[in-house]
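These are the structures, in C-alpha cells.
Next, two complexes with chain A in common: one pairs it with chain B, the other with chain C.
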Partner chain A sequence: MPKTLPAARVAVGASLVLLFLLSLGIGVDDLSIRSAAVDSAALQLLLVSRLPRTLAAILVGAGLAIAGLVMQILVRNRFVEPTTTGTDQSAALGVLAVTILFPAASIATKTVVAASAALAGTSAFLAMAHRLPPTQPFLIPLFGLIFGGVVGAAVTFIAWQFDLLQFVDVWTKGEFSGVLRGRYEMLWLVAAAVVFAWWIADRLTIASMGRDISTGLGLNYQRIVQLGLVMIAIISALGVVVVGMIPFVGLVVPNLVSRLMGDNLRAALPWVAATGSTLVLGCDILGRIIRYPYEIPVGTVLGVVGAGLFLWILFRRTDHG
Partner chain B sequence: MAERRLWFLAGAALLAACAYMGVGLRGSIWFALELRAVRLLALAQVGVAIAVSTVVFQTVTANRILTPSIMGLDALYMFGQIAMVAALGVTGFVALEPRLKFAVETAVMMALALAIFVPMLRRRYDMGLLLLAGVVMGVLFRSLASLLARVIDPNAFAVAQGASYVDFNTVRTDLVLIGLVVTLAASAIVWHKRHLLDIVALGADSAIGLGVDWTRTLAGLLLLVAALVAVSTALVGPVAFLGLLVVALAERIVGSRRHRLLLPAATLTSVVVLLGGQTILQHGLGGASTLGVVIEFVGGIVFLCMLWSVSRR
Partner chain C sequence: MKFARKLATMAAALAMVATPALAVEVSTAAGPKTIDKVPQKVAVYDMAAIDTLASIGIKPSGVPEKLFVPELTEANKDAAKIGTLFEPDLEALNELAPDLVVVGGRSSAKAEATAKVAPTIDMTMDGDDLLGQAKERLAAYGEIFGKADEAAAAAGKLDAAVEAARQAVKGKGKALIIMTNGPKITAYGAGSRFGWVHKALDLEPAVANIEASGHGEAVSFEFISKANPDWLLVLDRAAAIGSSDQGAKATLDNELVAGTAAWEKGQVIYLPAADFYIAAGGVNSTQRVLSVIEQAFAKAQ
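On to the complex of A and B.
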C-alpha cells in the first residue's frame, strides 16, 4: 500500500469540508454562519439557495464520478464516461421528446423518460464498443465521443425545428445557479445509487475481469452489466434534468483515484465519490469567484479543467509506457 | 476515366451554383442576385478551403479519417479570436479593421497550430491516441473560449455562443475578398506542390529517403492548412465533418489518392455539397441554417463507419 494514501485521504476529506463551508459563504449577498443564527432572512437565504446548491454540487459530483467508474468497468476501458459516450446526449434527446409530446409532464416523468433514453443510447454504444478490437484502447472513447456528437446533432436539429434551442442549452450546459429548494431533491436518488454501487462493488470488480472469468467465478455477468447500465442511466438522467451536462468528472476522477489506491473497488469507491464531489464543488466555487458577482457555469469550468486533466492523463500514460 | 468524372463533378458544381442563384427568385431580381452572388462566392471558397485543407492534413498525417476540425483546429481559431478580445478589450476589438483583425487572428492561429501539432506529429503517436487527444483538445479550446468570453464581459458570451453554431446563412461578407485571396493563394501553392504531396503520402521514412526535408515540409503544409481553416471558420464557423465527408466521397468518385485527381475532385464535391445542400434546405425544407447540423449528423455517422472499417482491417 503506497505511503501517500493516508495523506491523500485526509486532503480529500479536509478540502471537501472546507469547500462545503466556503460554498455556503460565497454569493452576491453577504452571509456568514453566525449571522444566519440570529437573522431570519439570512437563514432563509442559506436554506433556500446556498445549502441546496452546495448539496446539489456534492451529490452530482459523487454521482458523475461513480457513473464514470462503473462505465469504465463495463466497457473495460479507462477513457470513457457518460458524457463522452452519448449517455447524456441520449438523456437530453429523451427530455426533448417528452417536452415536445407532453409539455405539461412533471420533472419526475421527464427524468423517467430521460433515463430510458439514456439506457437505450448507452446500450447501443456498449453493443458497438464490445465489437471494436480491444487491441486499440483509444478507439472506443473516440467512437463514443463522435457517437455522442451524432446524437447531440440530432438533438440540435429537432430542437431547432421546434424552436426549443434555448431549452436545450439549459440541459447541455451544466449550471447550479438555478438550483433552489424544491428543484434539487430528486438528486438524493443519486446518493442512493452511490450506496447501491458500493453494495455491488465486489461483483463489479469481478465483472471488470471480463465475461469469461466472471462467469467462471459464478457471477451472473449479464445481470451485473444490466444493473450497472441502469445505474449509469439514472444518474445521468437526473444530472441532465436538474443541472445539465457536466463533462469529464467521470473520466478524470476514477483515473486519479486508481492511481493512488489501485483497483480494489469497494475500498476506492467512497474516495471516488468524495473526490468527484470535491472537484465539482471546487469548480462551481471557482466559477462563482472568477468574475464575481457574475457566474460562470460549472460545465464550462470543468470543460477547461477536465479536458486539461484528461490530456495530462492521456499523454502521461503513453510516455511512461 | 477519372478525368471524365472530374468533368461530371464540375458540371454538377455548376448546376448547384445555378440552382443556388436561381431557385425561388422573387421581387427585386438584381438586388437578390447581387446578394446571392456574394454569398455564393463565400460558400464556394469555404468549400474549397475545407476540401484542400482536409486533403493536405490527411496526407501529412497519413490518415484518412483525420480532418483539421476533428483535431480541434477550428476551435483553436475561435479561441484565438476570444483571446484577442481579452487582450484588446471589447471596444478595442470592435474598433479594429476587420481585415487586419482577420490577418492577426490567422497569424496567431498558424503559430499555435505549429507549436502544438509539429511536436505531436514528430513523435508519431498511435493514431487512436492522436485522434482522441485532438478531439479533447477541441473541447478544451471551445471551453476556454467560452470561459474567456464570460470572464471578459458577461454579455460577450452570447457572441461566443452564437459563433459556436455553424451558420451558412449569415456569412461574413466583409471578409469575402480577403478570404478569397488567402484561399486562392494557399490552394495555388498546394496545387503547385501536388507531386510533393504524392511523395509525402508515402510516409515519413520513404519521403526522407526520397530527399524530402520532412520537418520543414510538415511545418509548411501545416501552415497552409491553418490558414485555410482560419478562412472557413471566419466566414461561417466550425464545420466538423464536412471535410471528412467530401474527401471520402471524392476518393470514391475518382478512385484514387493521387493529388492531381483528388484535390480538384474534393474541391468540386465540397462545392456541390455546400451549394446544393444549402439550396435544398433553404427552399425545400425551409430551414437553411440547419445545414451545419445535418452535415454534423451525416458526417458523424460516416466517421463512425470509417473508424469501424479501419479498425477491422
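On to the complex of A and C.
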C-alpha cells in the first residue's frame, strides 16, 4: 500500500469537516454559527437554508462519485462517468417527457420516470459497450460521448418543439440555489445507494475482472451488473431531478482515489464518497463566493475545476504508471 | 405575353400615380429606414409589434404559429402562419408575399433572412427605457400605416396608465422583481430588461445594485430574505411560455420567503407573464401589466 495513504485520508476528512462548517457560515444573510445557539432567527436560517444546502452538496457529491466508480467497474474503463455516457441525458429525457405529458406530476413521480429512463439509457449503453473490442480502451468513452450526445440531442429537439429549452437548461445546470428544507430530502436515497454499493463492494470488485473470471469465481455476474445499473440510474436520476447535472465528479474522483488506494473497492469506497462530497461542496462554496451575493451554478464551477483535475490526472498518470 | 407584361407595368405605374408615393423615414433598432408606400400586407415576428399594431387597428396578414398572449392568439387566429418566433418559415413567408416584415427581440436575429423575401424592419426594444421605445415604435407604425392620429391616441392612453400606476406606487415601499424558472429564481434590478418598472414608476428597488444582465442574476432564497422587499413582483417564466409546470407560487412558498414583508402583508404580485415577458413593450400588453401593478398597490394602505 502506498505510504501517502494516511496523509491523504486525513486531508480528505479534515477538508470535508472544514468545508462543512464553512458552508454553514457562508450565505447571503448574516449568520454566525455561534449566534445560532442563542438567536432563534439565526437557528431558523441554519436549519431551513444552510444545513439542507450543505447536506445536499455532500449527498450529491458522494452519490456522483460512487455512481462514476460503479460505472467504471461495470464498463471496465476508467474514462467513463454517467454524465458522459447518456445516463444523465436519459434522466433528463425522462423528466422532459413527464413534464410534457403530465405537467402536474409530483417530484416523486418525476424521479421515478427519470430513474426508469436513466436505467434504460444506461443499459443500452452498457449492452453496446460490451460489444466493443476490449483492446481499444478509448473506444468506450468515445462511444459513450456519442451515445450521450445522441440522447442529449433528442432532449434538445423535443424541448425546442415544446418551447422548453431554457427550462431544460435549468435542470441540466447543476445548482444548489433552490435547495431548502423540504426540497432535498429525496437525496437521502442517494445515501442509501452508497451504503448499498458498500455492501456489494466485494462482488463488484470481482465483477470488475470481467464476465468469464467472475462467473468462474462463482459470481452471478448478470445480477451484479443489474444491481449496479439500478444504482447508477437511481443516483443519476435523483441528482438530475433535485439539483441538475454536475460534470466530472464521477470521472475524476474514482481515478484520484484509485491512484492512492488501489482497486480494493471496499476499502476505497468510503474515500471515494468523501472525496466526491468534498469536491462538490468546495465548488458550491466557490460558486457562492465568487460573485457574492449572486450565484454561479456548481455545475459551471465544476466544469472548470473538474477539467483541470482531469488533465492533471491524465498528465501525471505515467509517473505512477 | 409581352402585351400582358406591358399592361401590368402600366397598371403599376397608374397605381403609383393614384396613391401618391409617401416615402416615410422611420427609426428602427437598426437605424432609420425608408418605407416607400403604405404596406397592405404585413408579416410580424414579434409579439410586442403585433400587440402595438393592434392598438392602431392594423391586423397582420402573417404571424408566428404560437402567439403565447391569449388576447393576441384570439385576435389573429385567421392570419397566415409563417413559422415560429425564433425560426421564420421562409417558404410560407414567400407565399404570403408581404409588403413589409416586422421582426424584433427574439426574431431580430433572422432579419437578414426575411429581408431576402420582403423589406424587413427590426423593431427590437431593450434596456430600461422600454416605455420610451414602445412609444417610439408606436409612432413609427403610425407613420408607416398613415395612422398617426390613432398612434397619438394610443400613446396618450399608455401615458395615462403609467401615470395612474405611478400614483398608486408612490410611498408604498420597496420592490424586488424576480423571475421563477421551475424551482429556481433570478433577480432583476434597475437597468435590466425589467428595469423599466422601477424607472417609469419611480418604484424604489429593494436591492440597489443588481447588475443589468439580460437573464437576471441567479440568487438564493436567502437573497430574497435578506433584501426583505415590501413588494415582490414575480414573473413565472413557465407560465409565460404556456407550460403549466411547477408554478411560481409553489417555488416561493417556503420558510425564507414567508419571512419577508411582502409575503407577510400579501404583497406578492404575479405579473401577467406573457404580457410582461414575451410581449414586453407592446402598447396593450404593457397597459395590462401596469393595471395589475396599479390595482395591487392601490389596495395597500
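Just so it is clear, the second predicted complex is superposed on the first by the 315 of 321 C-alpha atoms of A that agree within 3 Å, B and C clash if a C-alpha of one lies under 4 Å from a C-alpha of the other, contacts with A are read in each partner's own complex, and residues count from 1 in each chain.
In this text, a residue touches a chain if its C-beta (ideal position, glycine included) is under 8 Å from a C-beta of that chain, and two chains touch if they have at least 3 such contacts.
Because the structure is a prediction, the values reported are computed rather than measured.
In the model built by aligning both structures on chain A, chain B clashes with chain C.
Look at A:247: by the touch rule set out above, it reaches chain B but stays clear of chain C. Legend: residue contacts after superposition of the two complexes on their common chain; A:270 is shown touching neither chain B nor chain C.
Legend: residue contacts after superposition of the two complexes on their common chain; A:177 is shown touching chain C, with no touch to chain B. Once chain A of one complex is fitted onto chain A of the other, the partner contacts of A:27 are limited to chain C, with no touch recorded for chain B. Once the two complexes are laid over each other on the shared chain, residue contacts for A:157 go to chain B alone; chain C is not touched.
With both structures placed on the common chain, the touch criterion links A:304 to chain B but leaves chain C unconnected. When both complexes are overlaid on chain A, the residue A:136 reaches chain B alone and has no touch with chain C.
Of 22-30, 94-102, 130-138 or 292-300, the chain C stretch that intrudes into chain B once chain A is superposed is 94-102 (criterion: clashing C-alpha atoms).
Across the superposed pair, chain B and chain C both touch chain A at residues 291, 294, 296. The part of chain C that touches chain A in the complex is made up of residues 66, 181-185, 187, 211, 217-223, 225-226, 237-238, 241-245, 251, 254-256. Those residues of chain A that touch chain B in the complex are listed here as 79, 132-133, 136-139, 141-143, 145-147, 149-150, 153-154, 156-157, 160-161, 169, 247, 290-291, 294, 296, 300-304, 307-308, 310-311, 314-315, 318. Residues 125-126, 128-129, 131-133, 135-137, 139-140, 142-144, 146-147, 150-151, 154, 161, 240, 287, 289-290, 293-294, 296-297, 300-301, 303-304, 307-308, 311-312 of chain B are the ones touching chain A in the complex. Put simply, chain A touches chain C in their complex at residues 27-30, 44-45, 48-49, 99, 103-104, 162-164, 166-167, 170-171, 175, 177-178, 180-183, 288, 291, 293-297.
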